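Following are the structures in question.
Below, chain A partners chain B and then partners chain C, in two separate complexes.
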Partner chain A sequence: MKQTLTKKMWRETGSAYLFLSPALFVLLLFIIGPIVFAVFLAFHKVQLLGTTSFEFVGLDNFARIADDTRAKIALWNTLKYVAIVVPCQTILALVLAATLNAGLKGEKFFRIVYFLPTLTSSAVLTLIFMWMYNQNGLINHVLEAVGLPTYNWLGDPDVALNAIMIMNIWSTAPYFMVIYLAALQDIPDSLYEAAELDGADAWQKFWHVTVPYLRPVTSFVVVMGLIGTFQLFDQSYIFSAGSGGPNNSTLTVVLLIYQYAFKTLGTMGYAAALAFALAIIILIATLLQRKLSKEESLY
Partner chain B sequence: MGKTKWIAALGITTMLFGSVLAGCGGDEKSEQANGGSKQGEKVEVTLAGWGGNPSEQKLLQQTLDDFEKKHPNIKVKYEVIADQYMDVIKTRLAGGQGPDVFYLDAFEAPALIETGALEPLDKYVTDEFDVNDFEKPMLDAFKGEDGKIYGFPKDYSTLALFYNKKMFEEAGIEVPKTWDELREAAKKLTKGKDVYGFGVAPELARLYYIAESKGGKVVTDNKASFADSKVVEALQPIVDMHLKDKTAAQPNEVGATWGGEMFGQGKAAMVIEGNWAIPFLQDTFPNLEFGTAEIPTINGKKATMAYTVAYVMNKDSQKKEAAWELISYLTGKEGMKTWTSKGYALPTRKSVAAELGFDKDPLRAPLVAGAPYATVWQNGTNLPIIVNNFNNQFVSAFLGERPLADALKEAEKTANSEIESR
Partner chain C sequence: MKRKIGIGKALLYVVLVVYAIITLIPFLWALSSSFKTLEEIVSGTMSFVPKQFTLDNYKQIFVEQELFPRWLLNSVIIAAAVTVLNLLFNSMAGYALARLQFPGRKPLFLIILAVLMIPAQVTMIPNYLILKQLGWLNSYQGMIVPTMINATFIFMMRQFFINFPRELEEAAELDGLGRLGIFFRIVLPLARPALAAQAIFVFMGSWNDFMRPLIILSDPQLFTLPLGLNSFKGQYISYWNYIMAASMVFTLPVLVIYTFFNRYFIKGISFTGGK
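Up next is the complex of A and B:
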């Protein structure tokens, strides 16, 4: 009896792996393989074109990051971007979700309107925004009409990154809003009733019931936000036509990696090292976030 | 029951595996089958380039049709890489999927030649091809350090001063002959923030000849040397025109994407652009009355830039003979004549230039006149790094964030440290 069971188990696991094998094969070939290769590249000086060569250089590529002014600028820009965009988009998403959940009129209509930006591809979105950011484009006209100063959004190094931040907050907040919305519908009414009995007003209910109850969701939203913003590439790439300009102001780490990997020849290894470093930074940021938000448990 | 399941599972998996593997392998096999250029069989040569405007495409297609007529055993597959041309080409070459023949800008040439990805062309050249007919500076741009020729320039373009005739008439001034005159003219032509006298592109590709006009060098021994006080002195007037005179602006300050557009929209009375702006302006702004003139002299010396593009051959190409046939036709006297006949670009062969007579065309004569004294936009393998750093910092000086000398000093330091650690 026992033996047949093991045999059956073996057979089942075997067939399970057989069924999995195409997926595993694809995973190995297209996901695990490239990762391993990228790590391999990070420790080599690589010339892929023409006479292909790999020269082992140990940690030289990583040491080089320390002397690279542009890498420092890129890292600084990225950190600044993350530090501003993540909190803003999280708070905005929460506020949007809360208003949608409050049972106002036309809720469904607004839900659709708010969610629309998420459906557009980021490349198209960037092009539309660039058009609006134009010196005599829509945004400057609006600012002028209400008596605010206008900016050279695309060409002024002091505002170019902010322009990308605004664009990105606007486009990603709705995505997180939907996640919040789902979580909000999950909060038992009894909690609010109890709070009401204790004499809590709307603000207190939001702050003391809604926000704590949403903590695990917030944690998820922040982690996803961190990962997404650290990888900022397409917006700044299109914005600056791949240069990271004006004056390095929109240069992000991923854009720099792209430049070293594809723009300049023979720096593929260094680009891989930068990518590796970025992966570690994201890992640390995520772990820190989890440490800070402490609990993963639901109420 | 169990057994049949097993067999079914095995069957499905092998099928899936098989199709994946077949998908991977299939291309290679068919590639190789096409590769062998057997006698009598039709050979397909791939040619990659960036797209031009529709009229230009038509000219190229015509040239290719002529070629196919003369070489019935060769078929040309023309591919347009619309965006990020060099990135695509480099990636494809690295992946072993590069085209047989492709465009290469002189600016990128030294670095690509150094990698050994290109086929030297000397051994294919015949007397009939007449190498000495090419303008020497354009040809030299595609010579490797080993002295071999890696590409033949298909055409070139120089820069000239474009001016708005109506605005000049209203201001009652003559076309400037020197940079000092240009600066004065710009003052008279500027109307607040609506019209700037001079539309300037603050990038090295357009400023190189100005930067070197006082005797300084932008690149020395393949390293950046543009923080030289002579270079700073030469470039300072451009910055001053923007910040002090407020008579110059870059296109994005007025909502244009490039100089030609800024000029066409009437937001700049003068710009310095190349050949490509002529058909653009005629097509997009048909009512605009503009003229061209040679670029004003600096210190009494004439100077301008020349940009050139060559056809080069992929070293890994399986069809080198056919590829050479194509290159030799496209850059030969006949092909080049067809290609440059409409004047979108200027012929690099002296005989073709003489035959087509662009030196007599009122709009193109100043451009042709610039060829003998032009600086070719190319200088060593590190120019891409140098340019990137220069442009980034020059803009900050141009916008008035800090003095030009400081900006260039920092850019030079960054560029050289990047070069050293390569």
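Up next is the complex of A and C:
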């Protein structure tokens, strides 16, 4: 009996690793290996010309971040972007989901329409918006028509980042809306009925039943939002043709990492150090959010 | 009382319709621009209906711009390969983690969970160097192999298989099927809804990806659409009619897929996100 049991165990282990082998291969070669390699790179100066060479520089790459004006600009732009986009897209997503969940007709149609931006690639969306943001473009014409000031959206350093913010709030909110919609279906009707008995109106029901019930989902949406916004790249890259301009106003941390890694020579190790700095910032922001929302739920 | 409900509902409809318009305008504007002549475009008219409807922009990108069809093909090949491989490998890994008992199961699962949290920027530079060493820069395999599994969907498939009824597998085992047979003949066909959701996300992720091709591909012959489109913009800087036509061609396949698989899509999001 024991003999057959171990035989079965061996067979099961064999098939398990057979099933896992493609995943393990990629995991080791393209994820875990690179993570270890990234640590190595962050402490070295990398030369890519001819045969790749590495020179150990200790903590120099990390120290350099503090002296790098462009790194500071990139970090500031990124933080500004995160601080504005995450709350806006979360609130918009919640409002849209609550509206869609009110049991109106045509819900399916609206849902499909709203979801379009999330389906469309960032490259296409950025190009469409650049076309609309044109000095002589649709957005300025509309603003003019309703008597609002027009902007040089693409060329003015003071507004270029705002242009990207507007576009991304618009394109990301529907994704989170779908997550909210799924969660809204789970709220028991009895909660609303109890609130109605207490004489709550629609707004009070939303504020005192829906919002608190959705707190865990909101926490998730905010964390995903933080991770996503900290990694802003495609839009900045296409908007500024890779430069982060005008005048560094759309330079983000990831765009800077890209530039140091692939566009200037001899700074790949520094770029790796910046990537670690970014990973740590994202980690801290995520933990901070978790802590804040946990403390809230104690009440 | 009744009137009050009416007003509330009307207000909700207004919100819905206004936001639908806000969502649709960029697409309609791009679509209409793609059918306009360059003259009309530079004249700065605000009409959504082209004065002089033309298909020349589409003809231009497909006929004159030789590389455009090639980019389309590259995108299709890469996204299709990545999708098929992901479906297969993620399911296999998820199944092993959910159903099979073997040493190393727990730590492996924890590693996969941990990998989910590493931002792509950390692995981006070493990945480039590894691909360079392998001679895989500027190649299909360089685009496909590193993305042929996805920790998120391994996790998702594991969750799916854990809740999967065991009886069918046991019956198949009694009928003399081995593990591989059980997996491919019984389990995988029944996992279709989970696979559909996964397929859409993986396909879209690959189809729309900008950063990976930007880093790995430098030969215009091998560009995928997002990259091609970006270089197109550089080349035809003020030919917005061509750029919009190309953007529409790029978006169409995703829209078709979405309309077909709409319900799996929503399911997939609440599966990977939500709870």
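FYI, the second predicted complex is superposed on the first by the 280 of 299 C-alpha atoms of A that agree within 3 Å, B and C clash if a C-alpha of one lies under 4 Å from a C-alpha of the other, contacts with A are read in each partner's own complex, and residues count from 1 in each chain.
The rule we apply is simple: a residue touches a chain if its C-beta (ideal position, glycine included) is under 8 Å from a C-beta of that chain, and two chains touch if they have at least 3 such contacts.
Small disclaimer: the values here were computed from a predicted structure and weren't measured.
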Partner chain in contact with A:Pro22 - chain B first, chain C second, else both or neither: both
Which of chain B and chain C A:Leu287 touches, first, second, both or neither: neither
Chain B versus chain C as contact partner of A:Phe262, first or second or both or neither: both
Which superposed partner A:Asn136 touches (first chain B, second chain C, both, neither): both
Partner with the higher number of touched chain A residues, chain C or chain B: C
First (chain B), second (chain C), both or neither touched by A:Val211: neither
Chain B and chain C contact sites that coincide on chain A, given as residue numbers: 11, 15, 19, 22, 26, 52, 134, 136-137, 262
Contacting residues of chain C [partner chain A, same complex]: 8-9, 12-13, 15-16, 19-20, 22-27, 29-30, 33, 44, 46, 85, 88-90, 92-93, 95-97, 100-103, 105, 108, 111-112, 115, 117-130, 132, 145-146, 148-149, 151, 154, 178-180, 183, 204, 207-208, 210-211, 214-215, 225-227, 229-230, 233-234, 240, 243-244, 247, 250-251, 254-255, 258-259, 262, 265-266, 269-270, 273-275
Contact set on chain B toward chain A in their complex: 2, 5-6, 9-10, 12-13, 16-17, 20, 84, 86-87, 90-91, 93-94, 111-112, 114-118, 250, 252-255, 315, 384-385, 388, 391-393, 395-396, 399, 401, 413-414, 417-418, 421-422
Chain C contact footprint on chain A (complex, rising order): 9, 11-13, 15-17, 19-20, 22-23, 26-27, 29-35, 37-38, 41, 52, 95-96, 99-100, 102, 104, 106, 110-117, 119-125, 127-129, 131-132, 134, 136-138, 141, 170, 174-175, 178-179, 181-183, 202, 217, 220, 224, 227, 230-231, 233-234, 237-238, 241, 254, 257-258, 261-262, 268, 271-272, 275-276, 278-279, 282-283
Contacting residues of chain A [partner chain B, same complex]: 11, 15, 18-19, 21-22, 25-26, 47-52, 64, 67-70, 134-137, 152, 154-157, 242-248, 259, 262-267, 270
